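Accompanying notes for the structure given below.
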Amino acid sequence: MAERGKSTGRPEEGLERAPSRIGEDPEERVIRALLDGFPNTVTDFKKLRKGVLRAKIERRELYKACKLLKDSLGFEHLSMISAVEYDSRFELVYHIVSYQERLLLELVTTTPKDDPSVDSISSIWGGANWQERESYDLMGIKFNNHPKLERILLPKDYVYHPLRKDFKG
Amino acid sequence: MRRTGAQVYSSLIAGKPNTVLYPYQKLDLPPTYRGKHTLDFKRCIGCSNCVQICPNDCMWMEKLEDPELGKIERPGVDLGRCLFCGFCVEICPTVAIHETVEFELADQDRSKLRLGPKELRDDKYADTVKEERQKRSLPVLDLSKCTGCEKCAGECPEMCIAMMPIEGVGKQKPEINLSKCTSCGKCVIVCSEKALTMTEVHESYFEMPEPKFILKNCTGCSACAKACPADCIYMMDMPGTEKVLKDGKKGKPKKRAVFVLEKCVGCGKCFRACKFESIEMAGVKR
Amino acid sequence: MAEMWINMGPQHPMTHGLWNLRIKVDGETIIDAEPEVGYLHRGIEKLCEGKTYTQIIPIADRLCYGASLSWSHLYCVAVEDLLGLEVLPRAEYIRVAALEMQRIASHLMWLAAYAADLGAMIGFIYSMRDREVFIDLLQALSGSRITYNFPRFGGVAHDIPPNFERDSLRACDYMEKRLKEYEDLYEGSKVFMLRNEGVGLLKKEDAMNLGVTGPSLRASGVRYDLRKDMPYSVYQELDFEPATHKDGDCYARFKVRMDEMYESCKIIRQAVTKMPKGKWRTLAPRNAPEGTGLGRVEDPRGEGVMYVVGDGTDRPYRLKIRSPIFVTVSAAPKMLIGYKIADVVAIMGGLDMCIGESDR
Amino acid sequence: MNLFEFCYGIIHWLVDLVNHLWYWLGDHLPWVFGDFFNWAGDLAVSHGNIALFAILAEAVIMFVIALVNVLNFIWIDRKWMGRMFDFYGPYYVGYRIGGWLQNLADGIKLFVKEIITPAKVDKLGFLIAPVILVSSSVLALSTIPFSPRFGVFTSDLDTGVPAGLLIAFAFFAIAPFSILIAGWSSNNKYTLIGGMRSAAQMMSYEIPLLLCVASVFLLSGSFGFLGVVNAQHDIWFVIPLFLGFIVFITCLAAEVEIQPFDLPEAEAELVEGWTTEYGGFRFGLFMMTSYLRGYVGGALATALFLGGWQGPSIIPDEFWFLIKAYLVFLIIEWMRWSNMRIRVDQILNIGWKRLMPLAMLNLLIAAAFKTMGWF
């Protein structure tokens, strides 16, 4: 017990941060890697503040881009998927985090209103599974190849997608 | 082992029960506690800002006849829906509404939780509270007495008074930049008509919408001036707009509303009272 | 015994809220699990689209009964990002002190529920009693016991009350003494160690992949704390260490939370002594510009994120809330399968469930 | 004079009072039923009849005392818990006697509640399980004397129920049967798991318990209460058989299903285990029975290890017995309120791998003492 008491608040052995895999300036490296991999589909790169990036991507390349982010750029954590409805389109905002580089990438993709569907990324990040179900449930966005695309917060027999602007009460 | 012994001693032998025997022993509540509301009728101007900020729509304005104050409008609270968030206290421009430490509000009857203004009234409570919001003495303009003589603008050491012409009236009114004002009071001393008076004004933390006046729609009906709780709308004659009557004489000139925006509390009552869309307020529901 | 599905919930002592854990058991061993949430869905995201920015602060409080201050603070951080508003330095320090008090109160409530889950009523009573110390401090600060409605855009609602510094330093001293006693009480108990060590194992890779955040992630050996690694508020000026543990079992999660309480005491001490003089509240704009705002803070339960889309009016166009528990619960089957029914309470209790924020 | 003699005297006096009527009727109505009245009077006053009613009266007295003790136990339990948790415990109901009436109030509340029988239960089993549980516990109670003079005896020279300890343990061991019935017949997954756990747990803890008792029997050479207690006149068995005492208390906690071993009713995971479907007064019976069994367990531990009613004669023997039983109960309660619940595989491990060898060792120690001729 006494030894355990000593370890209060101190990181355990072997938990030290691994050396950076990407290079000196991680933000530049991420931007370059994404632009190299998807020269035409990734647009509007913007550095919002230190450690926060934003990029737009076309939805057909989303899965590949996420695969690249996870496998070779070290983005281990999918923080949030938010769906926003605009007048003519749906916007899906993926907040993806790299634990090692302390980076947050805001990846924005759009879908048209008549075909709100993107590729599911739940096979890349397991944490995306329920968040995609939630977006489907509340906003009605279809995720292709999702293992179990069902309603999650609302009853199974509900017919509306309540976060859409045309839903009234 | 010694520590364990000390713990056994402190828990089993020396320990005192932590229970508060509630109905018999009262809880010790801080003065900031948010409980039942009180309303000072004399401070309240009936601006309904509290009703608008309420997140739960649990307040409403009620028209009453008071022997002292005449016909007034005062808010009531439905405690059954209240969140006790305290926004009504924070937004009140005259600090008339307060929340007391009284929290034993349960009742068998739901309708008894709807407290009208008369049940909330407690004119003495507000004086006992030390306000956290700071007070400032500011010069406040009574436009009906103002002659537009520019003395105040000349006297102000901070140059925060500007004389602005009123369109259509042919007069000037001083506009005071309250954020620059240092409360020196020189403008008040110099004013010969006593149109400027020093008044204690409480600091406000909420940006309120400002009314935007559109002169071409105004008919001079003075509905907005009657509705304004802060007396910041004055009806002024517009010379040169008199209609020529049949007998050749000139009739009464057309009137227009003039806003003294330093006094405005942003309640939107003028906006709602105006039937001719001559007042615009962004973000206020009609 | 044959295999059967058991519904643990929606009304069950283990659930701490209103959700359902369906487990498939073979005898006493769990062979499959399936959490179901949504019983407490209140549509807060939709509700917020109809309220002004100010009115949402008390609603954000209602997201979690255990740590309401964190959520209203998170909302304020998101909206300040949208408005481009600087927070007053004194208000930042008041916020940090209050947030860490809220973190201790939340962890103590978790400890109480955890002890009651494992059958130790004594832990429940002791933790709830000590939580009262911090609840009283927060009540003196903000004027309410559970839902504080304390942060405002660019500041906080009230200045600190008189004697607050003295009281909070005393509370920290008291808490550290009590934490030592808790360590004696729990870790000195053979039964507690039997129930916790090696139970509910979550590997580092799984934890990162499944989106588990907060103490549960740090218990799996990932040293990632938003307060340290992406500092928001004034955390970069304060000296503390995020607590980590490498085992990834229930005991590690317990230990991480206990260590976090020590760290929170340290942070409170620094925050109340370093607090600068000055104003604590400013005039907040009414209308937000068009654009997006992102708030990302370390909630007691994990990484809370809010994403606000403004459209130039005084009401948000869209408010998206990322609840840490919503994602953590989806990782529950990974932890549960292979253990006994009695371990369900230890594993799910160790995650610190809060359904209010999960279902929104 | 013992309790039997006391009851015998009272019954005899009552019978005599009534017999005046029979004999008066026999004297004045000789032509109708004279012989019958005389015969009835003679029968009523016969030794066998009075002895039967005296034993019944004894049983009623013991039962009432036991019930009052149960109320005391619940009160002590709550107050003790409050002391440990730093709160008051029962306080307002019966304010002047420390909240003692709270248990009565709870009992009345449970009594007037609606008795619900769920639709899909097995009716017979559901109804009979509480009956078996309560009656077996009360029967175990009947064998325990408070002193050589105060207990259920059959004559003024009697030493209590022959082999009373064995009978008490036999009745004590019926409970898992009724719990299994309750769990199975409630037709609910939680109750079923609770019943199964209860059966497994009681089965594995019965053996070390009885091994400890066997060591006491070995030392005292008697199966009855009086014999065991009288054998502890010089030294209480807790001193030579301290190991056995610890094992006994642990097994007792498991038998009575209190905190570290309360898996069958584990509140957190199994809602209330096998009592989930029982509500109202049936639940009240279960709760009362658990305290009754705690009382029986405390009394058994007192008689077996703590010298029974022996003590300085400042206070009567019966109170010595009760005080010791309460102390044992307090120790068990201390375990209960400061421990966590253990897991089902661990409980069986502890039972079979730890307590069983310890109980065997204890038996070996007892045999050694006996062989050395110290007892």
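Couple of notes before you dig in:
To keep things simple, chains are lettered A, B, C and D as they appear, and every chain counts its residues starting from 1.
In the analysis below, a contact is a pair of C-beta atoms (placed from the backbone, for glycine too) under 8 Å apart; a residue touches a chain by one contact, two chains touch by 3 or more.
On a predicted model such as this, the values are computed, not experimentally measured, just so you know.
Least step count on the touch graph, chain A to chain D: 2. Remark: among chain pairs B-D and A-C, A-C carries the greater number of C-beta contacts. Put simply, the chain closest to the centre of the protein, by Cα centroids, is C. Among the remaining chains, B is positioned farthest from chain D, on the basis of C-alpha centroids.
Work out the mean CA point of chain B and of chain D, and you get 74 Å between them. Between chain A and chain B, the centres computed from C-alpha atoms are 46 Å apart. Chain A and chain C have Cα centroids separated by 22 Å. Look at where the CA atoms of chain B average out and do the same for chain C: the two points lie 38 Å apart. Residue positions of chain B with contacts to 2 or more other chains are 18.
For chain D, the set of residues touching two or more other chains reads 84, 86-87. Each of residues 129, 184 in chain C touches at least two other chains.
Under the touch rule stated earlier, the contacting chain pairs are A-C, B-C, B-D, C-D. The part of chain C that touches chain B in the complex is made up of residues 51-52, 54-59, 129, 132, 139-144, 147, 149, 152, 157-159, 161, 181, 184, 281-287, 313-314. In the complex of the two chains, the chain D residues touching chain B come out as 82-84, 86-88, 91. By the touch rule above, chain B contacts chain C in their complex via residues 3-4, 7, 18, 29-34, 53-55, 83-87, 90, 99, 132, 204-209, 282-283.
Residues 11-12, 15-19, 21 of chain B touch chain D in their complex.
Residue ranges on chain A touching chain C, taken from their complex, read 1, 4-5, 7-12, 14-15, 17, 51-52, 76-80, 82-85, 93, 95, 99, 102, 104, 106, 125-131, 134, 138, 151-155, 162-163, 167.
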